[in-house]
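Chain naming follows the written order as A, B, C, D, E and F, and within any one chain the residues start at number 1.
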Amino acid sequence: MNLIEEFNAYRSQMNEKIMAEDNKVIKRFFNLDTNTYAEGALDIKTKEMIGLACSMVLRCDDCIKYHLGKSFEAGVSRKEVFEVFSIGMIIGGSIVIPHLRRAVEYWEELENQG
Amino acid sequence: MNLIEEFNAYRSQMNEKIMAEDNKVIKRFFNLDTNTYAEGALDIKTKEMIGLACSMVLRCDDCIKYHLGKSFEAGVSRKEVFEVFSIGMIIGGSIVIPHLRRAVEYWEELENQG
Amino acid sequence: MNLIEEFNAYRSQMNEKIMAEDNKVIKRFFNLDTNTYAEGALDIKTKEMIGLACSMVLRCDDCIKYHLGKSFEAGVSRKEVFEVFSIGMIIGGSIVIPHLRRAVEYWEELENQG
Amino acid sequence: MNLIEEFNAYRSQMNEKIMAEDNKVIKRFFNLDTNTYAEGALDIKTKEMIGLACSMVLRCDDCIKYHLGKSFEAGVSRKEVFEVFSIGMIIGGSIVIPHLRRAVEYWEELENQG
Amino acid sequence: MNLIEEFNAYRSQMNEKIMAEDNKVIKRFFNLDTNTYAEGALDIKTKEMIGLACSMVLRCDDCIKYHLGKSFEAGVSRKEVFEVFSIGMIIGGSIVIPHLRRAVEYWEELENQG
Amino acid sequence: MNLIEEFNAYRSQMNEKIMAEDNKVIKRFFNLDTNTYAEGALDIKTKEMIGLACSMVLRCDDCIKYHLGKSFEAGVSRKEVFEVFSIGMIIGGSIVIPHLRRAVEYWEELENQG
């Protein structure tokens, strides 16, 4: 199982458990989170790149993986994704670099699979 | 070895090494950390839920595991722990979600083992 | 105008502007945020203390003020609020101390006004 | 002096002092920081919105002000800037809200002055 | 009252209130915090520069001021303090810059007063 | 393959990929990052200890490993590294402890291999 399948499988399995639980705040937040990236005044591609950069500066590997997958689907190019990475790295500093390494690895799996 | 045993074994092994070292600041802090969650004006259950929520918003998986174990021992119910999760998620935002997934997995191991 | 009035006035004024804007994600999140602290499996007092501790470790002065006000209303005592402070400080470290100073100042205004 | 003038005046004054100092790492980083937002595979408007969202989730009021100014210049509309705010708030959680309030205040000054 | 007097006055006043409170965890932590920077295997100057850099990457203005004062007393030179700043900025990224501006302002007050 | 070899191998492999990419901001930042720790007004040993402490309070395991390796090469002693750990832990709080455990494990591998 590659990085992409592993990430998606665990994510789906646990999200199902969480949505099955009777906690309205969590369920509504999950829905709201999905709605946030829908087409609006900004298109999906722009929103996903914003989500990706925020995930980098907050150093959340799973969030990075999620938005890398969505960015790839939305047609972000390799040159563009590296510019997003560069903004995240300049804003967040050298502590972002270990996450950048893992992001590049994941992006290449997306390219190879795509 | 399940998640709980793995976490506890590594934690005990390394804590021993750290306490064996002649660094007074670190040793006193470890003691103080333990005292913080003792019964006082607030009961242990409340303190552990506070510790759990703080660990979630700071996105520290090992801290979450530790306070999940202590919360379980202190009698926190599944409904209650999900309310703690919901507060952590609303305060800390969607970057808390990957930690929520792992927290739910760990909590279920505690229930199954309990 | 004291600290409490100043905080509440600015908060109300800006929240009104934000709610008047036609952005559904933001409006729903504001509602959800309010619902999070409603009585549930956990009572309001416990939830507010959790919100307060999380605000401390995340070092958000305005969030601390908000939850201090709500905690005071919910009947949290001075001894209890200092125990919440102690947990926040041990988890978040010495960088929490400047926020602790301002929290104590605000708490005393709440006591004097209450 | 309004918020915008106050921010720009202090920023310019201190940047001058910092650039006058003979520290190559700091000077090069300042240059690099400027280059990061230049037109490339991504246009300036997109880069500024990314910079703005990152500043929100990292809760840096001065960084928010800077990128609000640049976003306004780059032609970001009110509807668009609120969508950027919504992404920052969902990713970063309710602790972003106090910064959102100040961001809205600053944006309105930009509109009134523009 | 200049920046230095203002900072020290508020800090002393609130620390007194906090130490007067009967909360052992907080009091012990305050003592421990002081002990941490005492001469040991590392000298005070090195420890204060470490404390300063950590305060910068965590973006705590009051902590920065405190360690700037102690670093100045310990004989840190202007060239040295700017090297500490440069490390903090590279590690923490451009979000550190607003804190760098205020740090430079405070340092110059220390030099002028010294 | 031990922890040290594993860390270095992945780091080198991904850094090569990143440097091969035609993104000037990222490449310049990588160079700048290296220059930051060169001998200057402060010696390399001091700079590496500062880098290590900052990595701890920001809770970046890979950054900690990197600066542990460099600190070891620069002649930092076991007593000294534990003092750096103690400062990081007091500033950053108990959430630093899981990273401290992994730091001690890595340091012991450096000692055993050295």
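In this section, contacts are C-beta pairs under 8 Å (C-beta built on N, C-alpha and C of every residue); 3 or more make two chains touch, one makes a residue touch a chain.
Remember, it's a predicted structure, so these values are computed and weren't measured experimentally.
Following the contact convention of this document, B, C, E, F is the list of chains adjacent to both chain A and chain D. Look at the CA centroids: the one farthest from the centroid of chain A belongs to E.
One simple way to say how far apart two chains are is to compare their mean CA positions; for chain C and chain D this gives 27 Å. If you average the Cα atoms of chain D and of chain F, the two centres end up 30 Å apart. Chain A has residues 25, 29, 32-33, 36, 55, 57-58, 63, 79, 82-83, 86, 89-92, 94-95 in contact with two or more other chains. Chain contacts in this assembly form a complete graph, since each chain touches every other chain. Those residues of chain A that touch chain F in the complex are listed here as 59, 79, 82-83, 85-86, 89-90, 94-95, 97-98, 100-102, 104-105, 108. Chain A makes touch with chain E in their complex at residues 57, 89-96. Residues 10-11, 14-15, 17-18, 21-23, 25-26, 29-30, 33, 55, 58, 60-63 of chain C touch chain D in their complex.
Looking at the complex, you find that chain B touches chain E at residues 24-25, 28-29, 32, 35-36. The touching residues of chain E, counted against chain F in their complex, run 32-33, 36-37, 40-42, 46-47, 49-51, 53-55, 57-58, 63, 77, 79-80, 82-84, 86-88, 90-92.
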